[in-house]
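Right after this note come the structures.
Next, two complexes with chain A in common: one pairs it with chain B, the other with chain C.
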Partner chain A sequence: MTRHTEDDGDAGDSNETTESSGGCGCGEPAPGVPEAGRDEQPSTFVPDGGEIPEEEMTADSEDGRAGEDRAATDGGVESASGGAESATGGTDSAELDPDAYDPVDVFPGGDLDLREGADSCYKCTSCDTSCPVAEVDDEFPGPKFQGPEQWRLKRKEDHDIDESITSCSNCMRCDDACPSSVPLSQMHNEARGQYVERQMEKLSVEYIRNRILANYRTSASLASMFPRTASFAMNFGPARWAMEKVMGIPKERDFPEFATETFREWWKARGGAKVENPDKRVAYFHGCYSNYNTPEVGKAMVRVYEHFGYEVMVPPQKCSGTPMFANGMLKDARRHAETNIENLVEAIGEGADVIASCTSCSMSLRQEYPELFDLHGIEDVAEHTFEALEYLRIHEDLEGELEAAGGLDDERAFAYHAPCHARNQGLSRQAVETFRDVDGVKMEDVGDSCSGISGTYGWKEEKYEKSMEIGEEMFEHMEDAEGEVGMTECPTCAMQMEHGTGYEIEHPLQLLEDTLGA
Partner chain B sequence: MAINSDVLVVGGGLAAITAAVSAAREGADVRLVSHKASTLRQASGLIDALGYVPATEPAKPLRDGPPTAGRELDPDEWPDPEGPLADPFEGIDRLPESHPYRIVGSDALRDGLDLFDDLAGGAYRGGHTDRNALVPTFGGAVKPTARYPAAAEAGLASDDRPMLVVGFRSLTEYDARAFAGRLEAAGVPFDAAGAEVEFAEAFRADAKITRLAKALDHDEDIDGVPAREALAKAVSPHLHDVVDEEGGVDRVERVGFPAFLGDDRGEAVRDELADRLGADVFEIPMGPPSLPGLRLEDRLFDALDAEGVRFETGNPVVGVGSATDGRVETVAVDRKGRTAPYGADAFVLATGGLVGKGLDSDREGVREPVFDLHVDQPEDRYEWFVDDAFGDQPYARFGVRPDERCRPTDADGAVQYENVFAAGGVVGGADAAREKSASGVSLATGIAAGRQAATEANQ
Partner chain C sequence: MDRQVDVVVVGGGSTGCGVVRDLARRGLDTVLVEKGNLTHGTTGRMHGLLHSGGRYAVSDQKSAKECIEENRVLRDIAAHCVEETGGLFVKRPEDSEEYFQEKLEGCKACDIPVEVIGGEEARRREPYLARDVEKAIALPDGAVDPFRLCVSNAADAREHGARVETHAPVTDVLVEDGEIVGVEIEHETGPGKRVHHEPGTTEEIRARHVVNATGAWAGNVGEMAGVDVEVRPSKGVMTVMNTRQVDTVVNRCRPKGDADIIVPHETACILGTTDEEVDDPEDYPEEDWEVDLMIETLSELVPALEDARTLRSFWGVRPLYEPPGTGTEDPTDITRDYFLLDHGDRDDLPGMTTIVGGKLTTYRMMAESISDHVCETLGHEATCDTADAPLPGSESEARMEELMDEFGLRSPVARRSGQRLGSRADEVLDEYDPNPIVCNCESVTRAEVQDAIGDAGSDLNAVRLRTRASMGNCQGGFCTHRIASELAQDYPEPVVRDAEDELYQERWKGQRHALWGEQLSQAMLNHMLHATTMNRDGDPANLDGEVDFGAFDAGADAPGAGGSGGETGTAAADGGRANDDAATDGGRADDDAATDGGRADDDAATDGGRADDDAATDGGRADDDAATDGGR
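The block that comes next holds the complex of A and B.
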């Protein structure tokens, strides 16, 4: 029996981890050009002494790609007569009239040019002080280096991306810390993509291990064909010892259990939506984890939204890309994004907003997708995506509804941890606030520290200890909190919380389901 | 459906937090929305009120013509600022009439400082007196300040005990010997010496202060020795470095470190070092990134939570959502591409000044981007500044101009929105850098705006 339903979007997934990562057909990119994943538009930045042949540089710039590139570099200062190129790539025209242009016009930038972001950095180092990795890892130079500084360095062709980029966990706290809106995580994603693409040994154990971790969905879809066997086998002592030795996957960690019935199987067996409402439609992006590991979160989402009269759609979907970004596997991420965008755009066309229950999935659809990929409709998807609780807080009288429901009969106390990716969406306090006034619920925020797992980061043997060191503050605060049940929106934060404290971890949607009696 | 509260505070710094807490204490249901992590992490952690009254007129008339034309000429001449002031309250009357202190009054400053003392609890000193304390800062300057972290207490310049200042080669922004030299040159009443010691060398060359603080917090092993012990051992050979005027050698009674002595467990770190060194230990406030600022941020956000204020950071308020009859009903919050309306009966704008990005500027002008409030400015941008970098820079005083209830006014002095109040750096009229008044202005206008907003909402 196959566990795949036809609409699962899984065709062609089976060879994902062995597929060669050959060129994308766009040729060897110019150094410093943030091209990864951006194959639909020409890069807007051409560095000094780049790969553009001389004759193209002086060719008529009325049309053709070289002309576009060059115009984007030199901007409005090129004189009509085609002044000679100077050594610095600028235009060296003697007729240049300083009154005729503003210095700002020299750098026109463009949608995809990160120069503006690099220039916005005034080196206050707020990003470095917010970085959970730099706080424990003496080998890690911090986000300011990985972002704007490395961006400048790699403009020269003889400069490789520093290997330390692979130590960035992609928690994105630097984005939140930067007072100047430097697109740090975008710079990190591109540098990491470039490093993995061009410098990482494709046959190395590290590459293969990272590729497997990044493509969690593939492993999970295989494992959930035989969930009980898989749950046992993956955590079987000798197997784990071998995994650590051979693959660098720390034996201390327990693999998550696979559900015997995936969310999508449940959805199908249930007969799909129970509510039809063309005026209130949402497309649920459940992500991999709610599907394969914690379908109870997905079920809670459906019941809660149907309680509020929404018609829930469950479009075909693949991985949001979060673990792939964190491992520099941008091509894998793009392939999955194509499926996601296609199906979500269709749902939006039918009047739906997109709802994610995992804050990293919503982060990816909202921010990383439009930053990294140019796919038709990707901006629409970004604009229509919300986190599950966030959406209800905006569109429904959630507080009133909760008050009317009367709370829980038996008091329950929770230790809530806000995932880093929730923080960046302004969601870090919403669970605590939503349940603050609900009778029978006590929820304590365990502080603003990072859990330390950051998706796949804590799943790497060489990062395990750092991961636990970062998480220590959260573990301590959880122990101090009254609640003996943890709560968070992020499935990997939940793994870390459970791993560090032994607590059972729930998702706010599950509590919402209970308190609403949905 | 809008996300509603009685009072909505826009901003996440000292002024915003002060306004939020004061409104909450007046009984309002308050929500605070801030775009990014608080800029308090860039603050020194010192709470100044008024250290100087700078001259607003040059010593001789300014030269004609655009300032850049005079690059080769003598700079403008300005009299030295009056100060350091012993008593900040005493100098308020001599500030320009448009200064926020003159608008909200010295009682607001006093109330703001009282509120701060309450929120900061035992972590801060200076509340026992109206007078300024003199705290050495990392450039070797002495700053008049109203409140200072307990961690800086043993370093006060008014204390006459000999001082050793410790530095590390890898902390390039800070030179202990230059620091000690400048302190002595400033005429402080004690002998000081600086020493560079081995300790930070065990970490990477550009280790973040958070890394050093964490190592001390957790007393991590540094080459087999616990971090606190290792640091004390590195410092102890220098305890006799101070040479007094007679050439005698004193054992120092206090030792100053750059401000990285622990984060969560700072007091324990200082106590252990003091114990091992047999001398008081203090921290010297640093430039950004600043651990004292980070600690203050943590403390104040905990206080917000305790006061029942709802808060969220991560998304910017990008404009007015809807307004009728001169009142703002909702503002628009950008949630990654889509805006959501946030409604309130009263709004407090506390987004900061030009540095905090509460004011936006380009070559065409200076704007307040959230409510599009009037910002008084000369039309010709060459009149925004003067040649002398330390002169009375007009841009330093740019900001919204509030009425006596903290409501920003338009060019004609009429209130722009009945229910919008402004606090902190976005309020114009103060030259905070020269006056050493940034925190005080935030506290005074914050408490005033917060109370007014609560009053407005309760009506």
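The block that comes next holds the complex of A and C.
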């Protein structure tokens, strides 16, 4: 009953992605983007789906073996020459207990039936008033319509989802706003997945663009083979002009620079963990951005955690799925989730908790995974996942350590923006609270607005203006703040902050590293 | 005023609407009179099942055969009123295998297409079915919207020259020279549409023949004519769930019993029902145990019902009839067949025919047979074409794509509009641009509400029945005022206010039976919103006489009253609150003392004490509120 996971063509499928996405103006799927129809599998487990084809079984067992060969702590660095990560076979629901019956399991076609979620909605409209997109986009009917109303109006045979679902940026502020626990973002994710699956033209530029944006990891892993060339090429004027015209990627935005050494390369060169401690283990989910673009965040995480005596494990991992959810690419997200869950479950088995430095990654593992996928161990992973700073604040005397460390000699001031996904995890104040008593650090919260980029949302030409309009309040507050350096936990918020103000943006872990002298 | 028509039909339910349509199409000059809205009586109070006949396949094969025949006809002529959901008769382990087989054989004998499926397959089709459902018979049950069905019949009748008069109760049956010659109706006051007459007036409608199609009320009309019609009204509860747990009609496969059917109806599921004989179709108890029974028993079939949100419950009365002398004890044993009583033959009082019994699914067939009878009596030769002529709205399917593109509707809105309006969708939606949504829960746009107002006038309950506006999870909390304001262009303010009140009260009536969990929260939120934003807990515009605003402060002479002194105002508010608390406390203290004293003495004294106490406390609270409001 195991779903076979295909090689997602991560690396090695093609070397042309970076170049061609800029230059090639054809309507064909860009190389590196899985072709439409290649992975036509339901995103949710369907028990009565019949027998498993022989070849899938074989493929799976091979995957399984390959996975065993690799210890979770070994660094799991993918070789740039195209060796995909080994453990791709998810072991989902093989032991599905017939008594633990859940209607989700048998809904035809693998779609979730979320109509009952509408029972909790009182129509109070708190979600609509908290929605940053609805505020600037008159065409967007808002989360209440997208979620409980649209679901309630569905009948079993109704499969048409309103196109406006594609305007939702998946910031998930509605989840936070709802006083009645309506599963809004789950409804949006599922509806968007169904929309993309059934109604979106798979050869359309929009689909291909979204697929590329959603599969950032694929592009990034290719780009980081030739980081300097890629950084240049991606931001090369004529190439950007062409990307906007052909792919709908706004030329105003600067592509992030690719690190010359990825985090995982650094980790391998370093020889892995410097601290061994079976009693205090964490598995680091660095996510794509810390790996390919800002390895300094990952390095800070490792040093800070080792400072506190943790043994850091860096299990093999793929994209957390955040950009894929936001683009309705649930199958891609599920495939990546299979790898992540398998490896993280193994790490948890070795006593580790899962730590993410990106608040969207932790959000995904904690909330979206169990809401959308039925994979063995997915609830365990959700329960054991924490954001990096959050975990230290729970388990360590961070305040005492920081006081003992004595603060910074040269005063630094920061304009801190709490990402929406951090807000949903109750973490919006953690950076300010951690650093407010540290000598030499001035941390100013720039308010509770959304940055407006919401991952890939601001990377779409048709959404660019809206994205900047949403971000306007944050930009203004940043300008007003004393600090000239921005701070946030979220990589794409950081892009937006930098884009709107020209500030350099840091992650709280980097400041923690500095202030602890780790 | 005394115009002679061919036929007057009394009763705007499915039978009456069917008869008036049939007779009008046969070229007779016909009037339909109804004391409330169309579907006001039993028709509007049923679970909306389009029978395949399966339910009667064992006990009453004649009815079963009629059902399957008419089921096929309605799918055709009333496509926009019918949802082809399919149905299941499911068997749980404790249900009799013998009966399952009997049911199966019965269906086959009645030409009802059946398929036996296993529990797994049943759960594949309906994932929320209980795990221990063993097997099921699948057959072509469906859902039908009785409101839309009746309205479409009436609309078609009107197109063929009939007159339809609602809110016009029959006050007398005219008997002259041993013959019934018409009826007297009263045009009631109220927000209904009155085309022909002023509210409060009466009118005699003289007719060559009267059809009494008043169902459970047939006895009342009979009485006015001086004949006995022994209808045995039997009540049944229907409980409405907020969402559809099932998309197929789910029946329990066992001999007659309460709480054995779940019908997916529009956006909701309706659970039914009970069967209890009552004396008066207008006045019977609506009891808690009936609602509890629905949810408890049907949870055996669909466990999710136990925790699901219930919107409301309503009761209907079946117009059961049995020929005099049958003497059936249990109402569930009374036949569901219909009876045509010609009072000329039966009571030697020609000029009126009564039709009783029957069911919505076979309404057209009943209408045809009574129309045949009327035509024969009147010597009118015409053939019936109601089995082939589609109802207005069902001429063709609504085209979703066009609705979305042409009228800029979002897809669920276009889908719902299309399902409700059928082939009329284009014509209705074309009227308004922009066309905002008035009722969000059910996705009803202004164009549809205005279309219904055009048809039903200022009676917002009639608008509700036509559009489903206010029938979703907020039960009108967020839309009654919006719907009412759609009237404001054409009707004076008092009419609009009355209409709004009437709709809101009607919504409350059913919601009362669902006040726990989520719907209780919804009701409280509705109440607070209406009270705090529209003053509906005491709207000055609805109070008799002028409001003495001065009384809310210490009075016109008090410092700061009506003045600009913000400080003083605040002080007054605080003072008011303090006084209030004191008064309440005082009241409570007295009360306690009185109660204690009472207890020491005897029980009677205790009760007395409590009453005093309550009064004192309430008084204190009332003062407090007034004082606080004034201060604010």
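Remarks
As a working rule, the second predicted complex is superposed on the first by the 400 of 518 C-alpha atoms of A that agree within 3 Å, B and C clash if a C-alpha of one lies under 4 Å from a C-alpha of the other, contacts with A are read in each partner's own complex, and residues count from 1 in each chain.
What we mean here is this: a contact is a pair of C-beta atoms (placed from the backbone, for glycine too) under 8 Å apart; a residue touches a chain by one contact, two chains touch by 3 or more.
Fair warning: this is a prediction, and the values are worked out from it, not measured in the lab.
Ranked by how many residues of chain A each touches, chain B and chain C are led by B.
Within the superposed three-chain model, A:Arg115 lies in touch with chain C and out of touch with chain B [touch as defined at top].
By the document's definition of touching, neither partner reaches A:Asp254: not chain B, not chain C.
When the two structures are aligned on the shared chain, A:Asp128 is found in touch with chain B, with no touch to chain C.
Shared-chain residue A:Glu479: touches no atom of chain B or chain C. Of the two partner chains placed by the overlay, chain B and chain C both lie in contact with A:Pro141.
In the superposed model, A:Glu350 makes contact with neither chain B nor chain C. Contacts of A:Gln430 after superposition: chain B is touched, whereas chain C is not reached. Of the two partner chains, neither chain B nor chain C is touched by A:Glu462. In the superposition on chain A, A:Glu403 makes contact with neither chain B nor chain C. The residues of chain A shared by its contacts with chain B and with chain C are 124, 141, 145, 180.
Chain contact summary for the complex, chain A toward chain B: residues 102, 104, 124-126, 128-131, 134-136, 138-139, 141-142, 145, 176-181, 366-367, 370, 379, 382-386, 390, 393-397, 423-430, 433, 445, 448, 473.
Every residue of chain A that touches chain C in the complex is listed here, in rising order: 48, 101, 103, 106-108, 113, 115-116, 118-124, 141, 144-145, 149-150, 152-158, 160-164, 180. Contact residues of chain C toward chain A in the complex are 83, 120, 123-124, 127-128, 131, 242-245, 247, 264, 267, 304, 308-309, 400, 410-412, 415-416, 440-443, 472-474, 477-478, 518, 521-522, 525. If you check the complex, the residues on chain B that touch chain A are 1, 3, 33, 36-37, 39, 41-42, 203-204, 206-211, 214, 264, 288-289, 291, 294, 298, 301, 305, 310-315, 333, 335-338, 340, 356-357, 363.
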